[in-house]
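One structure is given here, and the rest of the page talks about it.
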Amino acid sequence: MSAAEAITRRTTYRDAVRDGLRQALLRDPRVFLMGEDIGRYGGCFAVTKGLLEEFGEARIRDTPLSESAFVGAGIGAALGGLRPIVEIMTVNFSLLALDQILNTAATLCHMSGGQFPVPLVIRMATGAGRQVAAQHSHSLEGWYSHIPGLRIAAPATIDDAAGMLAAALACRDPVIIFEHMNLYNSQGELTAAAASADLEHAAIRRPGRDVSLITYGASLFKCLTAADQLAMHGIEAEVIDLRVLRPLDAKTVIESVQRTRRAVIVDEGWRSVGIAAEISARVMEQAFYDLDAPVQRVCSVEVPVPYAKHMEEAALPQVAQIVAAVASMFNHGQ
Amino acid sequence: MSAAEAITRRTTYRDAVRDGLRQALLRDPRVFLMGEDIGRYGGCFAVTKGLLEEFGEARIRDTPLSESAFVGAGIGAALGGLRPIVEIMTVNFSLLALDQILNTAATLCHMSGGQFPVPLVIRMATGAGRQVAAQHSHSLEGWYSHIPGLRIAAPATIDDAAGMLAAALACRDPVIIFEHMNLYNSQGELTAAAASADLEHAAIRRPGRDVSLITYGASLFKCLTAADQLAMHGIEAEVIDLRVLRPLDAKTVIESVQRTRRAVIVDEGWRSVGIAAEISARVMEQAFYDLDAPVQRVCSVEVPVPYAKHMEEAALPQVAQIVAAVASMFNHGQ
Amino acid sequence: MTAMPPPVVTREHGLHLLSQMLRIRCFEDRCAELYSAGKIRGFLHLYNGEEAVAVGVMQSLQPVDAIAGTYREHGHALARGIGMRTLMAELLGKEAGCCRGRGGSMHIFDAATRFYGGNAIVGGSLPLAIGLGLAEKLHDRKAIAVCFFGEGAVAEGEFHESMNLAALWSLPVLFVCENNYYAMGTAWARSEVQTSLLAKVAGYCMRGESIDGMDVLAVETVANQLVRDVRAQRTPAFLEARTYRFRAHSMYDPQLYRSKDEVKGWEERGPLIRLTSRLKEAGLMTEDDFQRLQSSANAEVDDAVQFAEQATIEPVEELQRFVYAEETL
Amino acid sequence: MTAMPPPVVTREHGLHLLSQMLRIRCFEDRCAELYSAGKIRGFLHLYNGEEAVAVGVMQSLQPVDAIAGTYREHGHALARGIGMRTLMAELLGKEAGCCRGRGGSMHIFDAATRFYGGNAIVGGSLPLAIGLGLAEKLHDRKAIAVCFFGEGAVAEGEFHESMNLAALWSLPVLFVCENNYYAMGTAWARSEVQTSLLAKVAGYCMRGESIDGMDVLAVETVANQLVRDVRAQRTPAFLEARTYRFRAHSMYDPQLYRSKDEVKGWEERGPLIRLTSRLKEAGLMTEDDFQRLQSSANAEVDDAVQFAEQATIEPVEELQRFVYAEETL
């Protein structure tokens, strides 16, 4: 069933992503998948399970452990007229391919004077929270969004999980889609809206008048929970899902902050020099005179994420901290 | 002549860096240098010229083009009790070694529970302005400063060029020293202060009461020029040289902004999700109520840096923009 | 696999090797249980089936030697002499763990035994080993560095760069490739066109040997020669140990990529069965001996689990300790 | 170097090859002058001495084939048929340049001739060529991808990963290693322990040939066979061309790492001298012919310089164009 025809139905984020991939493969013969263990193994997170059987080895390509080469090969294949969807198993391994991503994929269109756009989609799992420790818990999507020439998407909802891929394939730029590991099992409704998922706009997931909670990815659900708790105290939080970290939809953010006059940014990435800093700076520049209180950030503590459960929890942003940050603004503001 | 004994003398940034390296090699037999073309060739920027002759092949080690392996070898050598100074020719090639830097060097001490600090120094040339185009003009030092566990230094002055290395070697953490390519030929006084260069503090390079210009590296000199021009219009700018981008000396920055009530951050890095955003966010959090105007950023335009001279100039922050940004604050504030 | 005359082994040494392998097997099986019980979390990669490699190689190493490995390193840690209690405490995320519970299964580190991990990036520890070897060389010490890695790492650029550096600079590094024929679900022949590792090694002019990694005596013998040469001649060497992992890649793996028969075939040639029957056939060990070793391994694991369960967790206030080193040099 | 009987060449084709090499030589020499005059800026890497490689290999390629190269790519661009005017305009940073003046010397790109650069990261274009080959394979087209790179790239991990992928997936890619024996100041033997490239290539089960890269006829002959096979059999191949750069690495290089005598020795065996005397000795070319080619090359360069000097620069308002592609798919 294509996203376009979808009648609302309950599904998981994992299946929604798979559905998006299937549709893309069915729709366009130039689309193929490439990555480690996406075929025989069925995908490290079982996202690509069954695709090898359906589409065959030519289009579902298991790669050796050679991140730099197969990401670079994705760039070349895109230049050669294909529409590669490259999976880097997790963001933690993407550093090995960063030269290809930054120095080639992001740069080629501009430096060739527009001759060579790179219509490449890269998917990676991201995030912490599964006790997989320092080298397997990175949240670098905000960091990646420093790089001009890339588009950075972070689907949080089922509709976006299913629909953003089509938007990524519809543009000719390198798009990186970050899927938070903890979302794969999440359930929700897949609706017709998936078909119109774009790579342009942030979404207001919960309207509110008192404070803007600005976030993306798995942290969206922490913010929604925090908003519920705040509502019990009479504070109505507006929750904004950025959806796309580059280019940033500053308009939606700024308009929200202008209405609510307060903002807290919630990001699982490390605090310093992250996307939360960027949003704070944008609000500074574009809505300073509208603010009733300084913008705050609730981010990961700046440590390599530890294994032990209590330590990992302490390292990551939690609902209680979001609530506390908001509460402190009202205390201060009054 | 060691930095400690130095009588003030005129020298170049290049010679100051070399002097720092020589002193380190003379002082500590565990120190050695490793990198591409640092020996026979004399260093891509002639920084290491003569060191091979003086210290021999064992300690001045030319490497093959294998950035990941020789940076990783630096980590291993540090663990094995040596004090490696690894040169990555320019930051543009460092992406190839980023996995080793982020996943190992920055992480090891914490994830081993303090057992394995990594006393490694990495030097790289950085920056644009020489018409070397998109792949050779990165300014990623602000971006690197996202990573916990690293110390990021950006010497702008002759004293820091000579002295920061000793501070880097005196700590047991991985330190990356970014040397702006355009500074190597710059001339200035090497003074006794070089011996007390630390990795802790920002420096006020020009005091002023009206606005804080916050910067580092080669942009320092643009800010000083801008400050001179502003002074002619009666605006006294305080110029802060961050010196160290991680950990950030927020105290010096915040205190300055509290005095001047206005701030402009000048950074040759791309604007979004850069160090300028971080400083703006810190000011937001810690000095919001002291501000007379929103903090502004003067950064590189978010494009791969083009080759043509006029286009390159347009991509990089220039003195006129700094002056204009400051001027606009006074217009608005009045 | 390769037919070689059974190396001479004394009863004492034979029992020692067997007990080392049994300890590992027993430890790993218990880990699997603790994982099902939710006491061990995160990723867990077990070493069942590959015990002969770590145990065989470690026999020739000295305390001064440095070791680097992968996320599948419990066996190496135990064979190296890291205490089972501190290891189990680490897996349970306790402060008494070798890394204070911060590393978990994939990040075992121990300064006392020069055990440098524990690396969850495939290929990531190879450059590290180069540097450890370089330190020995520049210090003019007699130690060597040993690096264990899976055959999956061979496709990574870091393998290539590290092999060249080690050979070019004549570093005392022993590369031990644990070829268990799969990298997650990717069979060796589906990841490399040249499946002879020794042919690859020739591209770096490095001495290499390939052995039956299910035969601990063979591993020990060949590793011993290589270690001796690396130590004496200060040049690197390469050892391929052909082996097999009996369990899933990690605890999440449905193993769609290999048949039960294939696994069974390897199990029948497993390192424990092999050594046990060899020692028995040679009259060096009785069934009683075997049972004694088995129970002693069990008891050690019991004790380690008990210790780990009772141990306390690191205070959360310490979260930011050790991001930077505490003393300066 | 290798002694092979002079391949048969017609007067017409011989003069064609010589004129192509002369155009490149003449272009490069003029670039050096323009650099001294401050008209070309940034990094400039000249191809003097290596002309036979690009010219020899390009003879067998078809317009549908895809090419990737390095920062030392003027020669390849010219031999591929990119107009000298647009090339020179690029070096002068003009909008009429093939990349609107944005790329400069290290980043020549041309969609019309499938010339994919122009890459300033050593080894960076190898994975790109793999992908270009993969596209031909999956599209089931008959084109091939050709990747030129210096021997310095061989130490990079990307070389290793790309060679394996090409062989494993049977991709129609020709790897052309321009072994000019130096990577900046690092001599080949000081960067690799295995200095036989063909021995390395064996590690990937790939067909390889090594030729005298100063002999354009030899390059052409061998490249022709390899290109034919890559095209027909859809498998990769490797060509080492032993050559030498006559000039500095880039314009900043004092060349402390090699002797004047060494340079002189290679110059005497240079590709232009070699082909010139061969054609003359075979009675296929007169001194007049040579002079005519020479002046025609000069005239073409004069014209290109004049064109470039008069060309306009891209309006600065366009700075942010093409960060993202202008149309969607």
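So that you can tell them apart, the chains are marked A, B, C and D in the order they are listed, and the count of residues begins at 1 in each.
The rule is short, and it goes like this: a residue touches a chain if its C-beta (ideal position, glycine included) is under 8 Å from a C-beta of that chain, and two chains touch if they have at least 3 such contacts.
For clarity, every value in this text was computed on a predicted model and none was experimentally measured.
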item	value
Pair joined by more contacting C-beta pairs (B-C or B-D)	B-C
Per Cα centroids, the chain farthest from chain B	C
Rounded Å distance between chain A and chain B, as computed from the means of their C-alpha atoms	31
Centre-of-Cα separation between chain D and chain A, whole angstrom	41
Whole-Å separation of chain centres (CA-atom averages), chain B against chain D	37
Chain D residues counted as touching two or more neighbouring chains	99, 101-103, 107, 119-121, 124, 155-158, 161, 164, 168, 190-192, 323
Residue numbers of chain A (touch at least two other chains)	64, 66, 68-69, 92-93, 96, 99, 103, 110-111, 133-135, 148-149, 302-304, 306
List of chain D residues in touch with chain C within their complex	155-161, 164, 167-168, 190-194, 199-200, 202-206
Residues on chain C engaged by chain A in the complex (per definition of touch)	41-43, 93-94, 101-107, 119-124, 152-153, 155-157, 183-187, 190-192, 253-254, 256-257, 313-314, 316, 319-320, 323
Chain C-facing residues of chain A, complex	36-37, 40-42, 44, 62, 64-69, 92-93, 96, 130-136, 301-304, 306-311, 314-315
Chain D-touching residues of chain A, taken from the complex the two chains share	32, 58-59, 61, 63-64, 66, 68-84, 99-100, 103-104, 108-117, 119, 148-149, 151, 169-173
Residues of chain B defined as touching chain A within the complex	68, 92-93, 95-96, 98-99, 102-103, 106-107, 110-111, 133-135, 138, 142-143, 145-149, 246, 248, 269-270, 272-278, 280-281, 283-285, 288-289, 291, 293-297, 302-304, 306
